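As C-alpha cells, here come the structures.
Both complexes below contain chain A, partnered by chain B and then by chain C.
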Partner chain A sequence: MALVDIYVPKKSPLHGVDPRVKIISAVLLTVVCFFITDLVVLLSLLLYMQILVWSTGVNLKTYSSSFWLVARFSIILMIVWPFFDQVGQPILLDLWIYKPTLPAVLRALAIAMRIFIIASGWLILLLTTRHGQLVRGFVKLGLPYDFGISLSIALRYLPNFLGTIDQIKEAQASRGLESSRGNFVKRARNMIPVLIPTFAIAFRAIEGLSEALHSRGYGANPARTYYRDINMTVYDSIAVALIVSVAALAVVSKVLGIADF
Partner chain B sequence: MSPKKVAVFGIGTALVAALTYIGFPITPTRGYFNFGEVAIFFIAFTVGWREAAICGAVGATIIDLILAPFFAPATLVAKALEGAVAGMMIIMFIESKRKTAVRTAAFAAGGSLMIATYFIYEWIILPLNLFSDPNISFYSGIGPAIAEFPFNILQAVACGVIAVMLTKGIERAYPRIADLRD
Partner chain C sequence: MNQSHVSISGLKFSYPDGTQAIRGVDLEIRHGERIGLAGENGSGKTTLCKHMNGLLSPSAGRILVDGREASSLGASEIAAKVGYLFQNPDHQLFCSTVREEVEFGLRNIGLGADEIGRRVARYLEMLGISHLAEHPPLALSLGLRRLVTVASVLAMEQELLILDEPIAWLDAKQKASVVGAIRQAGTEGRTTVVISHNMKLMAELTDRLIVMTGGSIRLDGKTKDILSDPAAMASVGLVSPPVTLLAESIKDALHFTRRIDTNEDFVSALRERMPGGGTRGTG
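Coming up: the complex of A and B.
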C-alpha cells in the first residue's frame, strides 16, 4: 500500500517547483525520448535524470522499489529483441535461431534507456509533488474542475480500497479461502469472493458520496474559490520557457533531419 | 456535472486503480496479472461508456505511473478504448434479453482493442525512430510485443469472464445499481 503514495516530504529545490512545470517537463521528456536514438545522448540524459532523482533526497529503498518493474521489462526486452532483429555485424552469439548482433543489442539498449529516462521523469514528479498539488496543477493546466475533484476523490479513496481489499482477503482467509496460492485459474477464481464485497462497498460509497456532495451544494455556484492556490514564480516561468524551447528544438531538428542524435 | 457523476468518476477511478494494483505475477514483461479490467468492464456494463472510458484510463494510468511509467501513454489510450467500446456495445444492445451474450461480445470487442493498442505500442512506438537503416525489417521490433501478447489475451478474457459473472450477482443483490445509468 505504501507504494501508492510515493511522495517524499523533503525540502529539495525540485519540491519547491510549481507542479505545472513538473507535469509539462514529464510529458515533454516522454515525447522527446521517442526521438532520441543516439546512445551517448540517451546515456547522458539518463545520468542527468539520476542526478535529479538523487537531488530530491529520496532513499535508495524507495528508489529501487519504484524501478523493479522497469528493470524487469528492460531485461526481457534485451533478451527478446535479437530474436527478430538480426541485422548488422558482428554476431555476438550463435545459438541456432538466436543470433544477437552488436547493432541489434545496442538498439535494444537504446529502448531500455528510453524507458528508464521516462520512468525517472515521472518518478521525480510523483516523488516531489503532493497529490493535492498535482491535481491543482492539472486543473490550472485546463483540466475541468469536476474531473479535478473526481481525481482528488480517486486518490483519496485508493488507499481506503486497498485497505478494504486486504481486510476482505483476511476475512475470507479466516473462512478457509486461499487467494494467494495455487495456479493462475485457482487464484483468479478465489479472488471472486474478495471482489464481490469490494464492488458492493464501492457501490455504497458512490451513494454516500453523491448524497454528501449534494447536501453541501456541490455545483450550485460554478465560480470556484480556493483555500490554498498555486502560483508560478519568475523562475518557474523561465524554467517552462526553457524546457518547451529545448524540447521543440530537439523534435523539430530531428524531424527535419538538421541534427542526428 | 451532477454530484452523482462526480462520485461515480471518483470512486470508479479509485476502484479501477485499486484492482489494477492488486494482482499476482505471471506476465513476463509487465510483471503481474491484475483485476483492473474487471472494474472497467463492470462500469461499462452497469454505468456507461464515458464512465468506463474515463475511470479505466485514469485509474490504470495512476498505477502505471507508479509501477511502469513507460507504459502510461499506452495504458491511457488502451483502457479508454476498452471501456468506451465495451460500454457502447452495451448501449447498442440495451434492449436485448440475452444480456450475458451481449456482455461477452462487449468485453471481447473492448479487450481486443486493448490488446491491439499494447501490441502496436510495444512494436512500433517504443522503438520509434530506431529503424532509420533501410536494411532493418519493419518486423524487427515485434519481439517484446509478441512476448506479451498471450498474457494480455489472458488478462482480457479472465477479467471479462469474472466481470460478466460479478455483474450478474451484484445486479441481483443491488437492483438500485441500475440508477447509476443515465
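Coming up: the complex of A and C.
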C-alpha cells in the first residue's frame, strides 16, 4: 500500500509543478543515474534528493515504509552482489565461494545509492501528484489513453487489493490457519487458502469493473474531452528546458570523456 | 448463563496510522448470551470483535475469553473457541468443493473423520445446501457462497460465535435458513454476537443490545427496551425497526402500553385492544 497510495495534498512548490515536468525529471534522473559512477557525486545527489523529498512537506511517517522496502532490497543486493562480481583487490573476506573485494563492495554501494536516488525521484512524483493528474500527464506526453486509464485503475485499486489480502488472512486465521508456522514448504502450502480467494476476488473485480466501464461508454468515442485538463506555466517550461539541458550535458560529457563523475 | 464468557476491561486500540478505534471499553459477556452489536460505520464494532478472537491485540487493557488472554492463544486454539463470520464470503472460499470448504476449519482444529462427516452433513442440511456439497463454491451465486461460509463457521461449533452482517446478500428463503441456524446455536447454549445495521434482525436474534459510537459503548441493555425507544435510538444515529415506528405513531390512539419491536408484539398489542381480546375471526 505504501508504495502507491501516498499522494499527500500540500502546498509545496513541487506540488504545484506540472505532472509532465515531474515525470520527465523522474525518467531523466533514472537514465542519468546509470552514467554516474563516482561515489561522492552519487552521495551528493542522494542528499540533494532527500532535501527535495523533505521540501514536499510530507511527514516522514507517510513514506518511511516505502524507503524501508527500498532499503531492504538494497541491503539484499549489496550482500548478493559479491557472488557475481569478484573483480579487483583486496579481498575483504574469504568464505569459500563468497569473496567480496573492496572494488566490488564499492560498486554494490554505488548500485544501492542509485536505487535510492531513483526511488526518491519517483517517490516525489507520487507524493506530490494526484492520480488523475499523473495519468493526464502520461497521456499528454503521448502515451495512449488506454495506458493512462490502466495505470489509474492500478493505482486506485492496488491499496484496496492489499487491504483485501489482509482481510483474507484474518478470515482464514479465524478458521485455524496458521500461516506463519512451520518450514518453508508448509508456509508456502498455507498460502494457498489466501492466494485462491485473492485471485478469485481480483478476477471478479476485473469483470465487474470492465462491465461498469463499458456501461459508462468507455471506448465509445475516440475523441475524449477532459473536464480537468493540465496546463504548463512559463515556469514549468523553463524547468523542463533546464532539466533536459543538464541531463543531456551530463550524459554527453560522460560519454565523450569530457568529465569523469 | 451466569459465568463470564468474555471479559473486557479498559480496552483501547489504535491502528498503525494513529486512528483510535476503541477508546476504553469495559464489557462482560456471559455464557449463552445473545448479543447484538450495533452502531454507525466506523464506530468500532468490528475492531472490538476482532479482539475477541485474537486477530487484534489491545493497545491498552485486557480481553479474556474463558478466563484466558485472547491474544495469547494460538490460531487453532482460538479458532476452536471463537467462530467469526466475516462480511464478505469471498474472503474465505478457496476449496474445490463446498464439502471441503466446510471441512477445512474442522481439520484445522484436529477433529476426527467421523465427527467431521457428521458436522458437514448437519450444517449443509441446516442451511439447505446439501445438494451443493460437491459443487465448487467459487462458482456459486453470492447468496449461496454466503451460505457456504455460514455453514463452515457454524460447523466448528465454537462456544462463542461472532457474526458480522450474517444475512447480507441473502434472499428471503436463505435469510430464514441463516436466522434459524443462528437461533439453533443460541438454543444449544452458544454465545452469539451479531453485528448488524439491520434492527429487525437484532429484534429477532438478540436479547441484549450494545450500541457503540466513536469507539465507546453508548447504550447497553435489553434489545427490546432499546429498539422500542426511538429517541434513544436516534441519539446514537440509529433507527428503530419499522414496526416500532408504526406502533409509536399510533400508540396514543390505540393506547398501546407494551414495548414493541417485532411484528409479533404488534399483533399481540392490537389483539389486546380489540373487543374480546382479538380472538374473533382468527379461527
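We adopt the following convention: the second predicted complex is superposed on the first by the 214 of 261 C-alpha atoms of A that agree within 3 Å, B and C clash if a C-alpha of one lies under 4 Å from a C-alpha of the other, contacts with A are read in each partner's own complex, and residues count from 1 in each chain.
As a working rule, a residue touches a chain if its C-beta (ideal position, glycine included) is under 8 Å from a C-beta of that chain, and two chains touch if they have at least 3 such contacts.
From a predicted model like this one, the values you see are computed outputs, not experimental measurements.
**Student:** Classify the contacts of A:Glu178 with the two partner chains as first (chain B alone), second (chain C alone), both, or neither.
**Tutor:** A:Glu178 contacts chain C only, not chain B.
**Student:** After lining up the shared chain so the two structures overlap, which partner does A:His214 touch, if you call chain B first and chain C second: first, second, both or neither?
**Tutor:** The first partner, chain B, only.
**Student:** What is the contact status of A:Gln167 with respect to chain B (first) and chain C (second): first, second, both, or neither?
**Tutor:** Second partner only, chain C.
**Student:** Thinking of the overlay built on chain A, is A:Tyr98 touched by chain B (first), by chain C (second), by both, or by neither?
**Tutor:** A:Tyr98 contacts neither chain B nor chain C.
**Student:** May I ask you to name which of chain B and chain C touches more residues of chain A?
**Tutor:** With both complexes superposed on chain A, more residues of chain A are touched by B.
**Student:** Should A:Ile115 be classified as contacting the first partner (chain B), the second (chain C), both, or neither?
**Tutor:** In the superposition, A:Ile115 touches chain B alone.
**Student:** Kindly classify A:Ala188 by the partners it touches after superposition: chain B alone (first), chain C alone (second), both, or neither?
**Tutor:** first
**Student:** Could you tell me if A:Ala200 is touching chain B, chain C, both of them or neither one (first, second, both, neither)?
**Tutor:** Both: A:Ala200 reaches chain B and chain C.
**Student:** Take the contacts of chain A with chain B and those with chain C, and give the residues found in both.
**Tutor:** 192, 195-196, 200
**Student:** Given the complex with chain A, which residues does chain C contribute to the contact?
**Tutor:** Residues of chain C touching chain A: 50, 53, 55, 74-76, 79-80, 82-84, 86, 88, 90-94, 104-105, 108-109, 138, 152-153, 156.
**Student:** Where on chain A is chain B touching in the complex?
**Tutor:** Chain A reaches chain B through residues 3-4, 6, 30, 34-37, 66, 69-70, 72-73, 76-77, 80-85, 87-88, 104, 107, 110-111, 114-115, 118-119, 121-123, 126, 144, 146-147, 149-158, 160-162, 165, 180, 184, 187-188, 191-192, 195-196, 198-200, 202-203, 205-207, 209-211, 213-214, 218-219, 254.
**Student:** Looking at the complex, which residues from chain B come into contact with chain A?
**Tutor:** 1-15, 17-19, 21-22, 24, 26, 28-31, 33, 35, 38-39, 42, 54, 58-59, 62-63, 65-70, 72-73, 125-130, 132-133, 135-137, 139-144, 146-147, 154, 158, 162, 165-166, 169-170, 173-174, 176-177, 180
**Student:** Going by the contact rule at the top, pick out the chain A residues touching chain C in the complex.
**Tutor:** Going by the criterion above, the answer is residues 164, 167-168, 170-178, 181, 192-197, 200-201, 204.
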